[in-house]
Amino acid sequence: MNDRILQVDNKVMKRLYNLDTNAHMDGALPVKTKEMLGLVASMVLRCDDCIKYHVERCKAEGITEDELFEVFSIANIVGGTIVIPHTRRAVEYWDALSSQ
Amino acid sequence: MNDRILQVDNKVMKRLYNLDTNAHMDGALPVKTKEMLGLVASMVLRCDDCIKYHVERCKAEGITEDELFEVFSIANIVGGTIVIPHTRRAVEYWDALSSQ
Amino acid sequence: MNDRILQVDNKVMKRLYNLDTNAHMDGALPVKTKEMLGLVASMVLRCDDCIKYHVERCKAEGITEDELFEVFSIANIVGGTIVIPHTRRAVEYWDALSSQ
Amino acid sequence: MNDRILQVDNKVMKRLYNLDTNAHMDGALPVKTKEMLGLVASMVLRCDDCIKYHVERCKAEGITEDELFEVFSIANIVGGTIVIPHTRRAVEYWDALSSQ
Amino acid sequence: MNDRILQVDNKVMKRLYNLDTNAHMDGALPVKTKEMLGLVASMVLRCDDCIKYHVERCKAEGITEDELFEVFSIANIVGGTIVIPHTRRAVEYWDALSSQ
Amino acid sequence: MNDRILQVDNKVMKRLYNLDTNAHMDGALPVKTKEMLGLVASMVLRCDDCIKYHVERCKAEGITEDELFEVFSIANIVGGTIVIPHTRRAVEYWDALSSQ
(Lines give C-alpha, C1' and ligand atoms only; values in the text may rest on other atoms or scores of the structure.)
Protein backbone atom coordinates (compact mmCIF):
# COMPACT_ATOMS: atom_id res chain seq x y z
CA MET A 1 0.00 0.00 0.00
CA ASN A 2 2.99 2.31 0.62
CA ASP A 3 4.03 1.71 -3.04
CA ARG A 4 0.49 2.57 -4.15
CA ILE A 5 0.69 5.85 -2.21
CA LEU A 6 4.18 6.75 -3.47
CA GLN A 7 3.08 6.03 -7.03
CA VAL A 8 0.65 8.95 -6.92
CA ASP A 9 2.31 12.20 -7.95
CA ASN A 10 2.03 13.90 -4.55
CA LYS A 11 5.34 15.43 -3.47
CA VAL A 12 4.30 16.14 0.11
CA MET A 13 3.48 12.51 0.87
CA LYS A 14 6.69 11.26 -0.81
CA ARG A 15 8.91 13.69 1.05
CA LEU A 16 7.22 13.02 4.38
CA TYR A 17 7.96 9.30 3.94
CA ASN A 18 11.58 10.19 3.23
CA LEU A 19 11.78 12.51 6.22
CA ASP A 20 10.46 9.81 8.52
CA THR A 21 13.27 7.51 7.37
CA ASN A 22 15.81 10.34 7.75
CA ALA A 23 14.68 11.22 11.27
CA HIS A 24 15.46 7.69 12.47
CA MET A 25 18.92 7.44 10.83
CA ASP A 26 22.26 7.43 12.66
CA GLY A 27 23.27 10.96 13.72
CA ALA A 28 24.17 12.64 16.98
CA LEU A 29 22.05 9.88 18.52
CA PRO A 30 22.54 6.22 17.49
CA VAL A 31 19.82 4.35 15.57
CA LYS A 32 18.90 2.19 18.57
CA THR A 33 18.10 5.25 20.71
CA LYS A 34 16.08 6.80 17.89
CA GLU A 35 14.07 3.62 17.42
CA MET A 36 13.27 3.62 21.15
CA LEU A 37 12.18 7.26 20.81
CA GLY A 38 9.98 6.30 17.85
CA LEU A 39 8.55 3.42 19.88
CA VAL A 40 7.66 5.46 22.96
CA ALA A 41 6.07 8.17 20.77
CA SER A 42 4.01 5.52 18.95
CA MET A 43 2.89 4.00 22.25
CA VAL A 44 1.64 7.18 23.89
CA LEU A 45 -0.09 8.09 20.61
CA ARG A 46 -1.46 4.55 20.60
CA CYS A 47 -0.78 3.49 17.01
CA ASP A 48 -0.49 -0.32 16.85
CA ASP A 49 0.99 -0.47 13.35
CA CYS A 50 3.66 2.08 14.30
CA ILE A 51 4.41 0.22 17.56
CA LYS A 52 4.92 -3.07 15.68
CA TYR A 53 7.24 -1.38 13.21
CA HIS A 54 9.43 0.14 15.94
CA VAL A 55 9.45 -3.05 18.08
CA GLU A 56 10.80 -4.87 15.03
CA ARG A 57 13.39 -2.17 14.38
CA CYS A 58 14.41 -2.10 18.07
CA LYS A 59 14.93 -5.87 18.00
CA ALA A 60 17.07 -5.54 14.87
CA GLU A 61 19.17 -2.98 16.78
CA GLY A 62 19.73 -5.44 19.61
CA ILE A 63 17.42 -4.10 22.31
CA THR A 64 17.11 -6.48 25.29
CA GLU A 65 13.83 -7.45 26.92
CA ASP A 66 14.69 -5.46 30.05
CA GLU A 67 15.38 -2.37 27.97
CA LEU A 68 12.17 -2.88 26.00
CA PHE A 69 10.11 -3.10 29.19
CA GLU A 70 11.69 0.11 30.47
CA VAL A 71 10.52 1.84 27.30
CA PHE A 72 7.08 0.31 27.90
CA SER A 73 7.03 1.51 31.51
CA ILE A 74 7.75 5.12 30.53
CA ALA A 75 5.04 4.95 27.85
CA ASN A 76 2.52 3.55 30.34
CA ILE A 77 3.35 6.02 33.13
CA VAL A 78 3.36 9.09 30.90
CA GLY A 79 0.46 7.98 28.67
CA GLY A 80 -1.63 6.19 31.32
CA THR A 81 -3.26 2.79 31.57
CA ILE A 82 -4.97 3.52 28.28
CA VAL A 83 -1.64 2.34 26.82
CA ILE A 84 -1.94 -1.14 28.43
CA PRO A 85 -3.87 -2.85 25.59
CA HIS A 86 -1.25 -1.59 23.11
CA THR A 87 1.51 -2.86 25.42
CA ARG A 88 -0.11 -6.31 25.45
CA ARG A 89 -0.11 -6.39 21.66
CA ALA A 90 3.48 -5.12 21.58
CA VAL A 91 4.63 -7.95 23.88
CA GLU A 92 2.71 -10.47 21.78
CA TYR A 93 4.54 -9.22 18.69
CA TRP A 94 7.90 -9.18 20.48
CA ASP A 95 7.35 -12.81 21.53
CA ALA A 96 6.40 -13.79 17.98
CA LEU A 97 9.61 -12.17 16.67
CA SER A 98 11.68 -13.89 19.39
CA SER A 99 10.31 -17.35 18.59
CA GLN A 100 11.16 -17.13 14.91
CA MET B 1 1.26 22.65 44.34
CA ASN B 2 2.74 19.10 44.23
CA ASP B 3 3.17 19.30 48.02
CA ARG B 4 -0.45 20.40 48.37
CA ILE B 5 -1.55 17.36 46.33
CA LEU B 6 0.69 14.90 48.22
CA GLN B 7 -0.60 16.29 51.52
CA VAL B 8 -4.09 14.97 50.76
CA ASP B 9 -4.54 11.39 51.93
CA ASN B 10 -4.94 9.88 48.46
CA LYS B 11 -2.70 6.83 48.00
CA VAL B 12 -3.21 6.53 44.25
CA MET B 13 -1.91 10.04 43.54
CA LYS B 14 1.05 9.61 45.90
CA ARG B 15 2.09 6.30 44.41
CA LEU B 16 1.68 7.53 40.86
CA TYR B 17 4.08 10.40 41.62
CA ASN B 18 6.54 7.84 43.00
CA LEU B 19 6.15 5.58 40.00
CA ASP B 20 6.86 8.44 37.63
CA THR B 21 10.14 9.08 39.46
CA ASN B 22 10.94 5.35 39.44
CA ALA B 23 10.27 4.96 35.73
CA HIS B 24 12.94 7.54 34.90
CA MET B 25 15.65 6.12 37.22
CA ASP B 26 18.82 4.35 36.13
CA GLY B 27 18.12 0.73 35.10
CA ALA B 28 18.71 -1.35 31.99
CA LEU B 29 18.62 2.02 30.21
CA PRO B 30 20.65 4.98 31.51
CA VAL B 31 18.90 8.06 32.95
CA LYS B 32 19.82 10.21 29.94
CA THR B 33 18.05 7.86 27.52
CA LYS B 34 15.00 7.69 29.77
CA GLU B 35 14.81 11.47 29.99
CA MET B 36 14.90 11.68 26.19
CA LEU B 37 12.09 9.08 26.09
CA GLY B 38 10.12 11.18 28.59
CA LEU B 39 10.77 14.26 26.48
CA VAL B 40 9.63 12.79 23.18
CA ALA B 41 6.49 11.37 24.85
CA SER B 42 5.70 14.79 26.36
CA MET B 43 6.21 16.47 22.98
CA VAL B 44 3.89 14.27 20.95
CA LEU B 45 1.30 14.53 23.75
CA ARG B 46 1.92 18.28 23.68
CA CYS B 47 2.30 19.05 27.39
CA ASP B 48 4.43 22.20 27.82
CA ASP B 49 5.05 21.78 31.55
CA CYS B 50 6.20 18.19 31.02
CA ILE B 51 8.43 19.25 28.10
CA LYS B 52 10.11 21.92 30.23
CA TYR B 53 10.72 19.44 33.02
CA HIS B 54 12.35 16.90 30.70
CA VAL B 55 14.40 19.51 28.80
CA GLU B 56 15.83 20.57 32.14
CA ARG B 57 16.53 16.98 33.18
CA CYS B 58 18.09 16.21 29.76
CA LYS B 59 20.40 19.20 30.14
CA ALA B 60 21.40 18.01 33.62
CA GLU B 61 22.27 14.65 32.04
CA GLY B 62 24.56 16.34 29.52
CA ILE B 63 22.49 16.20 26.33
CA THR B 64 24.04 18.24 23.49
CA GLU B 65 22.08 20.63 21.29
CA ASP B 66 22.47 18.30 18.30
CA GLU B 67 21.06 15.40 20.29
CA LEU B 68 18.22 17.56 21.59
CA PHE B 69 17.25 18.60 18.07
CA GLU B 70 17.22 14.97 16.96
CA VAL B 71 14.74 14.24 19.73
CA PHE B 72 12.73 17.25 18.53
CA SER B 73 12.82 16.04 14.92
CA ILE B 74 11.43 12.62 15.82
CA ALA B 75 8.68 14.26 17.91
CA ASN B 76 7.78 16.59 15.03
CA ILE B 77 7.81 13.89 12.34
CA VAL B 78 5.82 11.37 14.35
CA GLY B 79 3.48 13.90 16.00
CA GLY B 80 3.15 16.35 13.10
CA THR B 81 3.56 20.09 12.69
CA ILE B 82 1.07 20.51 15.55
CA VAL B 83 4.17 19.94 17.70
CA ILE B 84 5.98 23.00 16.26
CA PRO B 85 4.64 25.60 18.74
CA HIS B 86 5.71 23.34 21.62
CA THR B 87 9.13 22.92 19.99
CA ARG B 88 9.51 26.70 19.82
CA ARG B 89 8.77 26.99 23.54
CA ALA B 90 11.13 24.09 24.28
CA VAL B 91 13.98 25.83 22.42
CA GLU B 92 13.20 29.08 24.22
CA TYR B 93 13.48 27.25 27.56
CA TRP B 94 16.67 25.44 26.47
CA ASP B 95 18.24 28.79 25.55
CA ALA B 96 17.19 30.30 28.88
CA LEU B 97 18.82 27.37 30.72
CA SER B 98 21.98 27.68 28.60
CA SER B 99 22.41 31.40 29.29
CA GLN B 100 22.25 30.97 33.07
CA MET C 1 -17.42 35.32 23.97
CA ASN C 2 -20.12 32.60 24.15
CA ASP C 3 -22.72 35.33 23.51
CA ARG C 4 -20.70 36.53 20.52
CA ILE C 5 -20.70 32.98 19.13
CA LEU C 6 -24.40 32.37 19.76
CA GLN C 7 -25.21 35.71 18.10
CA VAL C 8 -23.99 34.38 14.76
CA ASP C 9 -26.72 32.60 12.82
CA ASN C 10 -25.15 29.14 12.99
CA LYS C 11 -27.65 26.51 14.13
CA VAL C 12 -25.10 23.74 14.66
CA MET C 13 -23.06 25.75 17.19
CA LYS C 14 -26.21 26.92 19.03
CA ARG C 15 -27.66 23.43 19.29
CA LEU C 16 -24.35 21.91 20.37
CA TYR C 17 -24.20 24.42 23.24
CA ASN C 18 -27.74 23.39 24.20
CA LEU C 19 -26.92 19.70 23.98
CA ASP C 20 -23.92 20.13 26.26
CA THR C 21 -26.20 21.69 28.88
CA ASN C 22 -28.78 18.93 28.37
CA ALA C 23 -26.25 16.13 28.71
CA HIS C 24 -25.30 17.32 32.21
CA MET C 25 -28.90 17.77 33.49
CA ASP C 26 -30.61 15.57 36.09
CA GLY C 27 -31.78 12.27 34.55
CA ALA C 28 -31.24 8.60 35.29
CA LEU C 29 -27.98 9.83 36.84
CA PRO C 30 -27.95 12.78 39.26
CA VAL C 31 -26.29 16.09 38.31
CA LYS C 32 -23.39 15.54 40.73
CA THR C 33 -22.41 12.26 39.05
CA LYS C 34 -22.70 13.84 35.61
CA GLU C 35 -20.48 16.73 36.62
CA MET C 36 -17.85 14.27 37.85
CA LEU C 37 -18.12 12.46 34.51
CA GLY C 38 -17.66 15.78 32.70
CA LEU C 39 -14.68 16.55 34.93
CA VAL C 40 -12.87 13.26 34.37
CA ALA C 41 -13.47 13.52 30.60
CA SER C 42 -12.07 17.07 30.60
CA MET C 43 -9.03 15.97 32.57
CA VAL C 44 -7.98 13.07 30.35
CA LEU C 45 -8.56 15.30 27.31
CA ARG C 46 -6.53 17.95 29.14
CA CYS C 47 -8.71 21.02 28.64
CA ASP C 48 -8.01 23.52 31.47
CA ASP C 49 -11.03 25.74 30.79
CA CYS C 50 -13.35 22.73 30.80
CA ILE C 51 -11.73 21.38 34.00
CA LYS C 52 -12.27 24.70 35.77
CA TYR C 53 -15.90 24.78 34.69
CA HIS C 54 -16.60 21.27 35.99
CA VAL C 55 -14.64 21.78 39.25
CA GLU C 56 -16.87 24.77 39.92
CA ARG C 57 -20.03 22.82 39.06
CA CYS C 58 -18.89 19.85 41.21
CA LYS C 59 -18.36 22.19 44.16
CA ALA C 60 -21.83 23.66 43.66
CA GLU C 61 -23.19 20.09 43.78
CA GLY C 62 -21.49 19.48 47.11
CA ILE C 63 -18.54 17.30 46.15
CA THR C 64 -16.09 16.75 49.03
CA GLU C 65 -12.31 17.07 48.71
CA ASP C 66 -11.88 13.30 49.14
CA GLU C 67 -14.35 12.63 46.34
CA LEU C 68 -12.68 15.23 44.13
CA PHE C 69 -9.28 13.61 44.61
CA GLU C 70 -10.71 10.21 43.72
CA VAL C 71 -11.92 11.70 40.43
CA PHE C 72 -8.41 13.16 39.98
CA SER C 73 -6.78 9.80 40.71
CA ILE C 74 -8.83 8.00 38.05
CA ALA C 75 -8.04 10.75 35.53
CA ASN C 76 -4.31 10.52 36.31
CA ILE C 77 -4.15 6.71 36.23
CA VAL C 78 -6.15 6.34 33.02
CA GLY C 79 -4.71 9.42 31.29
CA GLY C 80 -1.15 9.23 32.65
CA THR C 81 1.21 11.65 34.35
CA ILE C 82 0.63 14.02 31.44
CA VAL C 83 -2.51 14.94 33.40
CA ILE C 84 -0.49 16.09 36.46
CA PRO C 85 0.01 19.74 35.41
CA HIS C 86 -3.74 20.03 34.79
CA THR C 87 -4.41 18.45 38.20
CA ARG C 88 -2.18 21.06 39.83
CA ARG C 89 -4.16 23.86 38.20
CA ALA C 90 -7.44 22.16 39.15
CA VAL C 91 -6.40 22.01 42.82
CA GLU C 92 -5.30 25.64 42.67
CA TYR C 93 -8.75 26.58 41.35
CA TRP C 94 -10.51 24.38 43.92
CA ASP C 95 -8.55 26.10 46.71
CA ALA C 96 -9.41 29.53 45.31
CA LEU C 97 -13.12 28.60 45.28
CA SER C 98 -12.88 27.20 48.84
CA SER C 99 -11.29 30.34 50.24
CA GLN C 100 -14.02 32.62 48.89
CA MET D 1 -26.21 -0.45 15.46
CA ASN D 2 -27.08 3.23 14.85
CA ASP D 3 -30.78 2.21 14.81
CA ARG D 4 -30.29 0.33 18.08
CA ILE D 5 -28.79 3.48 19.64
CA LEU D 6 -31.48 5.82 18.29
CA GLN D 7 -34.19 3.44 19.56
CA VAL D 8 -33.15 4.15 23.15
CA ASP D 9 -34.95 7.16 24.59
CA ASN D 10 -31.86 9.36 24.94
CA LYS D 11 -32.42 12.83 23.47
CA VAL D 12 -28.76 13.90 23.62
CA MET D 13 -27.55 11.02 21.45
CA LYS D 14 -30.41 11.48 18.94
CA ARG D 15 -29.83 15.20 18.59
CA LEU D 16 -26.07 14.79 18.29
CA TYR D 17 -26.60 12.39 15.37
CA ASN D 18 -28.88 14.98 13.78
CA LEU D 19 -26.38 17.78 14.36
CA ASP D 20 -23.60 15.78 12.71
CA THR D 21 -25.78 15.43 9.60
CA ASN D 22 -26.67 19.13 9.73
CA ALA D 23 -23.06 20.26 10.08
CA HIS D 24 -22.15 18.57 6.78
CA MET D 25 -25.12 19.94 4.77
CA ASP D 26 -24.94 22.53 2.01
CA GLY D 27 -24.60 26.06 3.45
CA ALA D 28 -22.14 28.91 3.05
CA LEU D 29 -19.70 26.13 2.13
CA PRO D 30 -20.66 23.43 -0.41
CA VAL D 31 -21.11 19.79 0.69
CA LYS D 32 -17.91 18.68 -1.04
CA THR D 33 -15.78 21.11 0.98
CA LYS D 34 -17.52 20.08 4.18
CA GLU D 35 -16.90 16.41 3.48
CA MET D 36 -13.20 17.17 2.95
CA LEU D 37 -13.20 19.04 6.26
CA GLY D 38 -14.86 16.04 7.93
CA LEU D 39 -12.27 13.76 6.32
CA VAL D 40 -9.21 15.72 7.42
CA ALA D 41 -10.61 16.01 10.97
CA SER D 42 -11.22 12.24 11.07
CA MET D 43 -7.70 11.57 9.80
CA VAL D 44 -5.82 13.66 12.35
CA LEU D 45 -8.07 12.19 15.08
CA ARG D 46 -7.32 8.77 13.57
CA CYS D 47 -10.79 7.24 13.42
CA ASP D 48 -10.87 4.60 10.65
CA ASP D 49 -14.66 4.22 10.58
CA CYS D 50 -15.09 7.99 10.27
CA ILE D 51 -12.41 8.17 7.55
CA LYS D 52 -14.16 5.47 5.51
CA TYR D 53 -17.48 7.28 5.84
CA HIS D 54 -16.04 10.59 4.62
CA VAL D 55 -13.98 9.01 1.82
CA GLU D 56 -17.23 7.49 0.53
CA ARG D 57 -19.06 10.79 0.85
CA CYS D 58 -16.21 12.68 -0.85
CA LYS D 59 -16.31 10.23 -3.75
CA ALA D 60 -20.07 10.73 -4.07
CA GLU D 61 -19.40 14.49 -4.25
CA GLY D 62 -16.98 13.98 -7.16
CA ILE D 63 -13.60 14.45 -5.47
CA THR D 64 -10.68 13.52 -7.75
CA GLU D 65 -7.73 11.37 -6.70
CA ASP D 66 -5.40 14.38 -6.82
CA GLU D 67 -7.71 16.35 -4.54
CA LEU D 68 -8.05 13.40 -2.18
CA PHE D 69 -4.28 13.07 -1.88
CA GLU D 70 -3.97 16.76 -1.09
CA VAL D 71 -6.40 16.27 1.78
CA PHE D 72 -4.28 13.27 2.85
CA SER D 73 -1.07 15.30 2.66
CA ILE D 74 -2.43 18.04 4.94
CA ALA D 75 -3.66 15.39 7.42
CA ASN D 76 -0.24 13.69 7.42
CA ILE D 77 1.78 16.90 7.76
CA VAL D 78 -0.37 18.40 10.50
CA GLY D 79 -1.05 15.11 12.31
CA GLY D 80 2.30 13.42 11.71
CA THR D 81 3.43 10.04 10.39
CA ILE D 82 1.15 8.46 12.99
CA VAL D 83 -1.54 9.13 10.37
CA ILE D 84 0.20 6.95 7.73
CA PRO D 85 -1.43 3.61 8.66
CA HIS D 86 -4.85 5.29 8.48
CA THR D 87 -3.92 6.79 5.11
CA ARG D 88 -3.02 3.32 3.81
CA ARG D 89 -6.43 2.00 4.85
CA ALA D 90 -8.13 5.07 3.35
CA VAL D 91 -6.43 4.47 -0.02
CA GLU D 92 -7.37 0.79 0.14
CA TYR D 93 -11.01 1.78 0.67
CA TRP D 94 -10.86 4.43 -2.07
CA ASP D 95 -9.51 1.80 -4.49
CA ALA D 96 -12.24 -0.65 -3.49
CA LEU D 97 -14.89 2.02 -4.16
CA SER D 98 -13.28 2.91 -7.51
CA SER D 99 -13.24 -0.68 -8.74
CA GLN D 100 -16.97 -1.22 -8.11
CA MET E 1 -0.88 -11.51 28.17
CA ASN E 2 -1.20 -9.53 31.44
CA ASP E 3 0.42 -12.50 33.23
CA ARG E 4 3.22 -12.48 30.67
CA ILE E 5 3.82 -8.78 31.36
CA LEU E 6 3.68 -9.15 35.16
CA GLN E 7 6.11 -12.08 34.97
CA VAL E 8 8.86 -9.76 33.72
CA ASP E 9 10.78 -8.18 36.57
CA ASN E 10 9.65 -4.61 35.91
CA LYS E 11 8.41 -2.91 39.08
CA VAL E 12 6.90 0.12 37.34
CA MET E 13 4.56 -1.96 35.18
CA LYS E 14 3.53 -4.17 38.14
CA ARG E 15 2.78 -1.24 40.39
CA LEU E 16 0.89 0.63 37.70
CA TYR E 17 -1.39 -2.39 37.26
CA ASN E 18 -1.95 -2.41 41.02
CA LEU E 19 -2.64 1.31 41.10
CA ASP E 20 -5.24 0.99 38.35
CA THR E 21 -7.08 -1.60 40.46
CA ASN E 22 -6.73 0.60 43.56
CA ALA E 23 -8.06 3.70 41.83
CA HIS E 24 -11.34 1.94 41.01
CA MET E 25 -11.90 0.45 44.51
CA ASP E 26 -14.59 1.55 46.97
CA GLY E 27 -13.61 4.79 48.74
CA ALA E 28 -15.19 8.21 49.18
CA LEU E 29 -16.94 7.36 45.91
CA PRO E 30 -18.67 3.99 45.42
CA VAL E 31 -17.31 1.43 42.92
CA LYS E 32 -20.22 1.97 40.52
CA THR E 33 -19.46 5.69 40.19
CA LYS E 34 -15.75 4.97 39.70
CA GLU E 35 -16.48 2.43 36.98
CA MET E 36 -18.62 5.03 35.18
CA LEU E 37 -15.73 7.50 35.51
CA GLY E 38 -13.36 4.87 34.07
CA LEU E 39 -15.84 4.24 31.25
CA VAL E 40 -16.28 7.87 30.23
CA ALA E 41 -12.49 8.41 30.33
CA SER E 42 -11.96 5.33 28.13
CA MET E 43 -14.60 6.54 25.68
CA VAL E 44 -13.24 10.04 25.12
CA LEU E 45 -9.73 8.54 24.82
CA ARG E 46 -11.27 6.01 22.41
CA CYS E 47 -9.80 2.76 23.73
CA ASP E 48 -12.13 -0.13 22.76
CA ASP E 49 -10.52 -2.72 25.06
CA CYS E 50 -10.78 -0.34 28.02
CA ILE E 51 -14.41 0.51 27.14
CA LYS E 52 -15.34 -3.19 27.05
CA TYR E 53 -13.69 -3.76 30.41
CA HIS E 54 -15.56 -0.90 32.07
CA VAL E 55 -18.92 -1.74 30.43
CA GLU E 56 -18.57 -5.21 31.92
CA ARG E 57 -17.63 -3.82 35.32
CA CYS E 58 -20.51 -1.29 35.20
CA LYS E 59 -22.96 -4.10 34.44
CA ALA E 60 -21.60 -6.10 37.37
CA GLU E 61 -22.25 -3.03 39.56
CA GLY E 62 -25.88 -2.91 38.42
CA ILE E 63 -25.87 0.03 36.01
CA THR E 64 -29.15 0.36 34.10
CA GLU E 65 -29.38 0.91 30.35
CA ASP E 66 -30.67 4.47 30.88
CA GLU E 67 -27.71 5.26 33.12
CA LEU E 68 -25.30 3.69 30.64
CA PHE E 69 -26.67 5.81 27.81
CA GLU E 70 -26.28 8.96 29.91
CA VAL E 71 -22.60 8.08 30.35
CA PHE E 72 -22.42 7.54 26.57
CA SER E 73 -24.09 10.90 25.89
CA ILE E 74 -21.58 12.81 28.01
CA ALA E 75 -18.71 10.98 26.30
CA ASN E 76 -20.12 11.78 22.86
CA ILE E 77 -20.84 15.45 23.61
CA VAL E 78 -17.51 16.15 25.26
CA GLY E 79 -15.43 13.95 22.94
CA GLY E 80 -17.36 14.55 19.71
CA THR E 81 -18.87 12.34 17.04
CA ILE E 82 -15.48 10.68 16.70
CA VAL E 83 -16.68 8.67 19.73
CA ILE E 84 -19.72 7.27 17.84
CA PRO E 85 -18.00 4.17 16.35
CA HIS E 86 -16.75 3.27 19.84
CA THR E 87 -20.26 3.80 21.24
CA ARG E 88 -21.64 1.41 18.63
CA ARG E 89 -19.16 -1.27 19.69
CA ALA E 90 -19.90 -0.57 23.37
CA VAL E 91 -23.65 -1.10 22.80
CA GLU E 92 -22.93 -4.28 20.85
CA TYR E 93 -20.89 -5.58 23.80
CA TRP E 94 -23.54 -4.48 26.31
CA ASP E 95 -26.20 -6.37 24.32
CA ALA E 96 -23.98 -9.47 24.18
CA LEU E 97 -23.55 -9.34 27.97
CA SER E 98 -27.31 -8.82 28.46
CA SER E 99 -28.26 -11.83 26.34
CA GLN E 100 -26.03 -14.23 28.24
CA MET F 1 11.99 31.41 17.32
CA ASN F 2 11.39 29.70 13.93
CA ASP F 3 14.61 31.36 12.70
CA ARG F 4 16.46 30.10 15.76
CA ILE F 5 15.26 26.55 14.99
CA LEU F 6 16.07 26.74 11.28
CA GLN F 7 19.55 28.06 12.13
CA VAL F 8 20.43 24.74 13.76
CA ASP F 9 21.84 22.26 11.27
CA ASN F 10 18.99 19.77 11.51
CA LYS F 11 17.73 18.75 8.05
CA VAL F 12 14.60 16.99 9.27
CA MET F 13 13.23 20.08 11.03
CA LYS F 14 14.08 22.35 8.07
CA ARG F 15 12.44 20.06 5.54
CA LEU F 16 9.36 19.53 7.68
CA TYR F 17 8.86 23.32 7.83
CA ASN F 18 9.18 23.39 4.03
CA LEU F 19 6.74 20.52 3.60
CA ASP F 20 4.16 22.26 5.77
CA THR F 21 4.35 25.30 3.49
CA ASN F 22 4.17 23.06 0.40
CA ALA F 23 1.14 21.15 1.65
CA HIS F 24 -0.89 24.36 1.88
CA MET F 25 0.09 25.73 -1.57
CA ASP F 26 -2.21 25.99 -4.58
CA GLY F 27 -2.66 22.62 -6.30
CA ALA F 28 -5.60 20.42 -7.23
CA LEU F 29 -7.31 22.23 -4.35
CA PRO F 30 -7.19 26.04 -4.04
CA VAL F 31 -5.27 27.70 -1.17
CA LYS F 32 -8.47 28.82 0.54
CA THR F 33 -9.78 25.24 0.83
CA LYS F 34 -6.40 24.04 2.09
CA GLU F 35 -6.31 26.73 4.75
CA MET F 36 -9.76 25.67 5.92
CA LEU F 37 -8.50 22.07 6.05
CA GLY F 38 -5.49 23.23 8.08
CA LEU F 39 -7.83 25.16 10.37
CA VAL F 40 -10.22 22.30 11.07
CA ALA F 41 -7.28 19.94 11.71
CA SER F 42 -5.75 22.46 14.14
CA MET F 43 -9.07 22.86 15.93
CA VAL F 44 -9.79 19.19 16.56
CA LEU F 45 -6.14 18.75 17.66
CA ARG F 46 -6.65 21.84 19.84
CA CYS F 47 -3.53 23.83 19.04
CA ASP F 48 -4.23 27.55 19.68
CA ASP F 49 -1.12 28.85 17.89
CA CYS F 50 -1.93 26.76 14.82
CA ILE F 51 -5.58 27.90 14.89
CA LYS F 52 -4.53 31.57 14.99
CA TYR F 53 -2.17 31.05 12.09
CA HIS F 54 -4.85 29.42 9.91
CA VAL F 55 -7.58 31.92 10.90
CA GLU F 56 -5.25 34.68 9.70
CA ARG F 57 -4.46 32.81 6.47
CA CYS F 58 -8.17 32.07 5.88
CA LYS F 59 -8.98 35.77 6.28
CA ALA F 60 -6.23 36.66 3.79
CA GLU F 61 -7.87 34.21 1.36
CA GLY F 62 -11.22 35.97 1.71
CA ILE F 63 -13.17 33.59 3.90
CA THR F 64 -16.50 35.06 5.10
CA GLU F 65 -17.74 34.89 8.69
CA ASP F 66 -20.49 32.42 7.71
CA GLU F 67 -17.94 30.13 6.07
CA LEU F 68 -15.63 30.42 9.08
CA PHE F 69 -18.42 29.43 11.45
CA GLU F 70 -19.24 26.40 9.30
CA VAL F 71 -15.62 25.29 9.66
CA PHE F 72 -15.97 25.87 13.42
CA SER F 73 -19.20 23.86 13.57
CA ILE F 74 -17.60 20.83 11.89
CA ALA F 75 -14.61 21.06 14.25
CA ASN F 76 -16.91 21.25 17.29
CA ILE F 77 -19.21 18.43 16.20
CA VAL F 78 -16.42 16.05 15.21
CA GLY F 79 -14.05 17.03 18.02
CA GLY F 80 -16.62 17.66 20.77
CA THR F 81 -17.33 20.48 23.19
CA ILE F 82 -13.71 20.23 24.30
CA VAL F 83 -13.10 22.39 21.22
CA ILE F 84 -15.33 25.22 22.52
CA PRO F 85 -12.64 27.14 24.49
CA HIS F 86 -10.42 27.09 21.39
CA THR F 87 -13.36 28.31 19.28
CA ARG F 88 -13.84 31.23 21.68
CA ARG F 89 -10.20 32.23 21.29
CA ALA F 90 -10.43 31.79 17.52
CA VAL F 91 -13.43 34.15 17.35
CA GLU F 92 -11.63 36.64 19.57
CA TYR F 93 -8.66 36.59 17.16
CA TRP F 94 -10.94 36.83 14.12
CA ASP F 95 -12.62 39.90 15.63
CA ALA F 96 -9.25 41.47 16.40
CA LEU F 97 -8.16 40.95 12.78
CA SER F 98 -11.46 42.36 11.50
CA SER F 99 -11.23 45.53 13.58
CA GLN F 100 -7.76 46.41 12.28
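Here the chain labels run A, B, C, D, E and F in written order, and each chain numbers its own residues starting at 1.
One rule holds in what follows: contacts are C-beta pairs under 8 Å (C-beta built on N, C-alpha and C of every residue); 3 or more make two chains touch, one makes a residue touch a chain.
What you are looking at is a predicted structure, and each value in this text was computed from that prediction instead of being measured.
Taken together, subunit B and subunit E share the touching chains A, C, D, F.
Over half of the residue numbers found at the subunit E and subunit F interface occur in both copies, marking it as a same-residue contact. Same interface as D-F, judged by over half of the contact pairs sharing residue numbers, among the pairs B-E, A-C or C-E: C-E. Judged by contacting C-beta pairs, the busier of the interfaces B-D and C-D is B-D. Remark: rotation between subunit D and subunit E after Cα superposition is 120° (nearest 5). Subunit C and subunit F have CA centres that are 27 Å apart. With each centre defined as the average position of its C-alpha atoms, the distance from subunit A to subunit B rounds to 19 Å. Shared interface positions of subunit D, defined as residues touching 2 or more other chains, are 12, 16, 19-20, 23, 41-42, 44-45, 50, 66, 69-70, 73, 76-82.
Listed in rising order, the residues of subunit D touching subunit E in the complex are 1-2, 4-5, 8-10, 12-13, 16-17, 20, 41-42, 45, 47-50. For subunit E in complex with subunit F, the residues that touch the partner chain are 44, 76-83. If you check the complex, the residues on subunit D that touch subunit C are 11-12, 15-16, 19, 22-23. Only residues 46, 65-66, 69-70, 72-73, 76-77, 80-82, 84-85, 87-88, 91-92, 95 of subunit B touch subunit F when the two sit together in their complex. Contact residues on subunit B toward subunit A in their complex (touch as defined above): 16, 19-20, 23-24, 27-29, 33-34, 36-38, 40-45, 50, 64, 66-67, 69-71, 73-75, 77-79.
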